[in-house]
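Reading through the structure tokens given below for one structure.
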Amino acid sequence: MATLARPGADQSLGPRLFATRKLTLDLAAPLSDADATIQPFPDASPAKWHLAHTTWFFETFILRDHVPGYRLFDERWPFLFNSYYDGEGPRHARPKRGMLSRPSLDEVRSYRAHVDDALERALPKLGPVALDLIELGINHEQQHQELFLTDILATLAENPLEPAYGELPLSACFAIEPLSFHPGRDGVVEIGAAQTGFAFDSERPRHRIHLAGHEIANRKITNREWREFIDDGGYRTPTLWLSEGWDWVQREGISAPLYWHEDSTEFTLAGRREVDWAAPVAHVSYFEADAFARWAGARLPSEAEWEDFAASADPNLGNQLDSGDAVAPRPGGGMFGDVWEWTQSAFAAYPGFAPAAGAVGEYNGKFMCSQFVLKGASCATPRGHSRASYRNFFPPSARWQFTGVRLARDA
Amino acid sequence: MATLARPGADQSLGPRLFATRKLTLDLAAPLSDADATIQPFPDASPAKWHLAHTTWFFETFILRDHVPGYRLFDERWPFLFNSYYDGEGPRHARPKRGMLSRPSLDEVRSYRAHVDDALERALPKLGPVALDLIELGINHEQQHQELFLTDILATLAENPLEPAYGELPLSACFAIEPLSFHPGRDGVVEIGAAQTGFAFDSERPRHRIHLAGHEIANRKITNREWREFIDDGGYRTPTLWLSEGWDWVQREGISAPLYWHEDSTEFTLAGRREVDWAAPVAHVSYFEADAFARWAGARLPSEAEWEDFAASADPNLGNQLDSGDAVAPRPGGGMFGDVWEWTQSAFAAYPGFAPAAGAVGEYNGKFMCSQFVLKGASCATPRGHSRASYRNFFPPSARWQFTGVRLARDA
Amino acid sequence: MATLARPGADQSLGPRLFATRKLTLDLAAPLSDADATIQPFPDASPAKWHLAHTTWFFETFILRDHVPGYRLFDERWPFLFNSYYDGEGPRHARPKRGMLSRPSLDEVRSYRAHVDDALERALPKLGPVALDLIELGINHEQQHQELFLTDILATLAENPLEPAYGELPLSACFAIEPLSFHPGRDGVVEIGAAQTGFAFDSERPRHRIHLAGHEIANRKITNREWREFIDDGGYRTPTLWLSEGWDWVQREGISAPLYWHEDSTEFTLAGRREVDWAAPVAHVSYFEADAFARWAGARLPSEAEWEDFAASADPNLGNQLDSGDAVAPRPGGGMFGDVWEWTQSAFAAYPGFAPAAGAVGEYNGKFMCSQFVLKGASCATPRGHSRASYRNFFPPSARWQFTGVRLARDA
Amino acid sequence: MATLARPGADQSLGPRLFATRKLTLDLAAPLSDADATIQPFPDASPAKWHLAHTTWFFETFILRDHVPGYRLFDERWPFLFNSYYDGEGPRHARPKRGMLSRPSLDEVRSYRAHVDDALERALPKLGPVALDLIELGINHEQQHQELFLTDILATLAENPLEPAYGELPLSACFAIEPLSFHPGRDGVVEIGAAQTGFAFDSERPRHRIHLAGHEIANRKITNREWREFIDDGGYRTPTLWLSEGWDWVQREGISAPLYWHEDSTEFTLAGRREVDWAAPVAHVSYFEADAFARWAGARLPSEAEWEDFAASADPNLGNQLDSGDAVAPRPGGGMFGDVWEWTQSAFAAYPGFAPAAGAVGEYNGKFMCSQFVLKGASCATPRGHSRASYRNFFPPSARWQFTGVRLARDA
């Protein structure tokens, strides 16, 4: 959860709030009511649910808790659109989110309008606690914008008709720079978010850590390099894999990144297309990333190595989400954008970590188990949401996010 | 499959075809695109799928096979809307039918209009084989009309908002006649469909069977009687149950008919309502029906006992489906209508059973395993679809159909 | 359960009881304590469990209930060795039977000796109810002798070292008679056990049934004929299979009888051996038997057809179990012995069926669901246990019994 | 894997080898052939398998690879007793280890004698590589001695007769010192195994790490304190739990440590006994340890905090395994012995980690996923096997080891 530590009123908060709210609506524009209803698998959510849940967050933690006299849009909806806040009472079972044809997409849009109106009226009168929660709500909604895109990609990928969410330019010829390694710093460095400015609770406190000598690659691994891994039998060589990863490969019959087909095409938000060999590989699991690194004679970076290395990079640059169009990784990016980068670091508490009080304190801490940290940002991450201290996390078998690989090695 | 044995042209075929096609559309009228997309569990199908699959049947077996020059509405759709005809090639996995937001409900309506137009033009020129297949297609679509209603009931029941499909009159006061038993015939009788007139392949040939002395109840078991079974500990007494049924009760935590709630209400096509205690119990499995009968000191009738008993009843009477409105069992009906009646007979081939040639021959024979026969008709069965020889069948744990109980006993 | 209807004292009862008890011990002679402890899968039981459970039956229903002053061998053991009699209270979970290293095989032998001694002392004083239960206990133990052998075969088959239970003669050259069909009777016939003599409850009452014209094969299907079915793609042709059977074949990767290996050998109670091509095929499921029959242009016989056909055959002849040695199907047998024969009849109650009173009444009736009847006897059936009215039953996917195929067809 | 870095011949190696080999045999002395055959669940192994697998290790990596002319005891056994070394070829499926009644316990004892004899003859002639592998083999066998005891405890716990493995003294009255916290060091410290002496590959290299201010508890949490956690609703309060842990608690119905019964008794290697309230709690999962710490307003220590704190403790003291008797946690111990202590650290590679070459290199690295580190030693850890740098690891839901809790907190 957020510790905003705002010295005075943040003049940008209102505009940022409503720009964020509008972007979510824009993302939903190409979808039918039915598109927005499907849950492609239990860990993903219907598009409509993302639209409603982000709204429930503001309705609950701002309007209900901080705006006297506010009446819920519909008293039965919090049960449906609470995600995992046990402190907020019982809720609809996650794997059943795809059973909700009602409320309709249009009704959810009305819910959004209702809550946005109330937020607009309430904003001038909110105190600092509520304003901090609005900042948190903006960042929370940005996270769901990325999930919105990855979940709708997973949804459309289930349809043999291969419908496209939007359009993408054809991939152009691109000369990839050769893979090389840059020395990282060793000794005691600091990582984590500073006390000022927004950050999630799990990014704090900023603290010291000791780095051993190491090097980090100049760029991400490309689809072409992944093709070589496949052609060299990478998916059929047990000694390259973690034990749990090898079980997974065999049980699930994994032999390529998630959306690849056998004819050198892949399914994207713009439908089925030729794989862009110069672009960073995406939709690979931690297991695959780790096996690839071993095959390449390297390893994945630790979170601290990555964060220290990226400290001077501008997190607002790169191929990130700006508007409601289809997105895809593109060749040639930097530390932020295109694909999240798996690290070898399990998601765990920083020394002195303290969750926020109340229900929003359930935000991150309760997932500190069986998850690996990803750093950077992807083409589906809203621009402005990123920073070096950001800690994304997913289980080691997850593939439906835009997730890729940057190599590191001991010095 | 059908053996129509039509002596001359059946003048009613065209009107019946288009009336049936229209009724399916009427049933879909209250649904949104999203409603029509959800698959509530793997053995049920989305409403949209029923609309498209019944159309695929006519497009494939009539238009493609018997109308020169016909072009498919969309060449990719047969893969989606074939149900289980292995002879018709590969098909979309059944448990994945809920992943299809496209084609939309409106596109499926266009598909129906396109096929109906082509059928209307083709009808005057079709030969007897094709006309027989149209008769089969009508009956096939009527079966899906019933599944349409039971599947949409299951879909809406998944939604905590409890949306209603339509409206139903309030239940009135009704005096139920006391339960009594009528003697059935013993000795050699004939069952099965005669050679003339439409019937499914599994209803033929008509054949002799020997009945021992027995009696059959004058009416179906009511909700009130089922309540007594519950209150007497019926769901907690293992000796009342088949071994597999008792496992099922414990594993699934079964303690009442499918849509009952603890406050004496039940979910219906008109939303949540007070249980109508005088109406026949519905949505009970074979396991429950069998346990109830044992509790009552009786047994379920065999298929032959039921069919011989019902031979003189008019299958067109009773509470059956006439139009696109909500339906529900009502007090006081006869042998046909309200709820299907479980028999103790496993679904099996009659002596001399011969499946039809070609893909339509896959219709019934391949399900002759682990299914029990139900007789009669329900409130969701289209009027005109029923006959005493009709053999409905479901696995012993199925509950989402309108299924109930009539008792029998040895004389 | 038994209805013995004994006119006077059965002088053979004592000798038959102790001969049966001894045969069970003989069957266990080749086993180590560890062999006798393993449960190869949840529906099978450890050898030690069979030894103890059959003893528990006599201890409970004879000694405890009919012998004043009898004290249980161990008060904790009934919990372990009750099988499925809910009327006898709680019991150890069936899938956990392989967790019992204690009591040891020797302790179970002591249990048997203790109970046999008590039975010997009690026998002269027992009344007719108890004597009927002893007859039932003998037949019950004979059933477990067959399960003992099929379960130990399944156990040893799990071991890559392929240990042999015993020895078998090498298969000799044998000229199989050509397959032909004999007409069965049509019209009203009687099946089921007569009122006198021992039979299980489910075999009664004897009753009339109407048979349509049909023919039955002169012999069982051989391994050589099954090989032709495989070579003709039988396991890869969906239209030959029941829908549920085809799902099973694909899910389990079934491509041959249970114990066949790819090099024309099979695992037997004498270890791995060359398949005896002239012997009847064994260890095939109902699904396979049904698919084979369809491939052969025939069908399986109904139970009634089989029973009427076998009425004049001597059930004591043929390759059945006589002593504690390894057994296997052999070429050239008749209606009884070598392998049980699948029928197309679901296991169901005969008209007027009445289970026995008390816990032993749970014997058969509660399994009348999802099971098919098998007729005849196998090489593992104790000689003397068989009769034409006998109704063996197993689920359609079961293969670990000695189960084979005799064809029939409509006349 | 080991890096022994032995300057000269280690005179103690032979005696330690054969003492270790003998202790394993002693542990098996109370077991019957059947006891030693059972696999209580897929992640545990039969006692017999431990005896054979540790022998296979020496036969394969010493005798086969370093002793010319050695012939395998049985060529079929390596398939059975390889555990997870993919480099050593195919192997018997882990969940099927309980299917092996053959070889018998006595045959496995003969295997051990055969290999021990060969080792004794070979020892004087082995070179440094082989001697390093013998050191590794000793440590490997010590690990399996602990698993032997925890797996046989799990096996006997499955038996409703509650057989005892051995005897334990009755618990005496004991005054527990109050819980208090000692400050740990902060700043840069070193952890990991030094270059000299035996250690597993994952303990190296020794490296620097930065510790923030923190405190560590003076002793482990007792059964009495755990009882308070239960009585305070700890197992029913979702906000105390990791998200995955809460799912686990609900799915598995967890409400107490693994072997506790409702009547204040627990199952031990000496059978069912009163819980010793002053002894450290054992058989709790990471999920439970973490929830308890949160309930207590503390947290689990990190691996580095624990290791630095324990650096000056003598790892050879405490309640550890000395002989083939029953063991159990006792009140009043220190950093080593009684129960392993869960840390909050995921098991991961140290900076510069390099697995050993060859098949033995599969020892630890491939498990660096979804496992948490445990430090110290338990009552089942062979004395002499422990050191502060030791890294035990198990998945967060594992409970069948002797696993307990020491608290820490931020300073």
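As written, the chain order gives the labels A, B, C and D, with residue 1 at the start of each chain.
In this text, a contact is a pair of C-beta atoms (placed from the backbone, for glycine too) under 8 Å apart; a residue touches a chain by one contact, two chains touch by 3 or more.
This is a predicted model, so every value here is computed, not measured.
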Joint neighbours of chain B and chain A, given as chain labels: none
Remotest chain, chain D as reference, centres from CA atoms: B
Rounded Å distance, chain B centre to chain D centre (Cα mean): 59
CA centroid of chain B to CA centroid of chain C, Å: 37
Distance from the mean Cα position of chain D to that of chain C, given in whole angstrom: 46
Per-residue multi-chain contacts in chain D, two or more chains: none
Contact graph of the chains (line, ring, star, complete, other): ring
Of all residues in chain B, those that touch chain A in their complex: 32-38, 40, 76, 79-80, 92, 96, 98-105, 155, 158-161, 163
Contact set on chain D toward chain A in their complex: 84, 86-87, 188, 207-212, 214, 238-239, 241-246, 286-287, 299, 302, 344-346, 348-349, 351-352, 362, 366-370, 396, 410
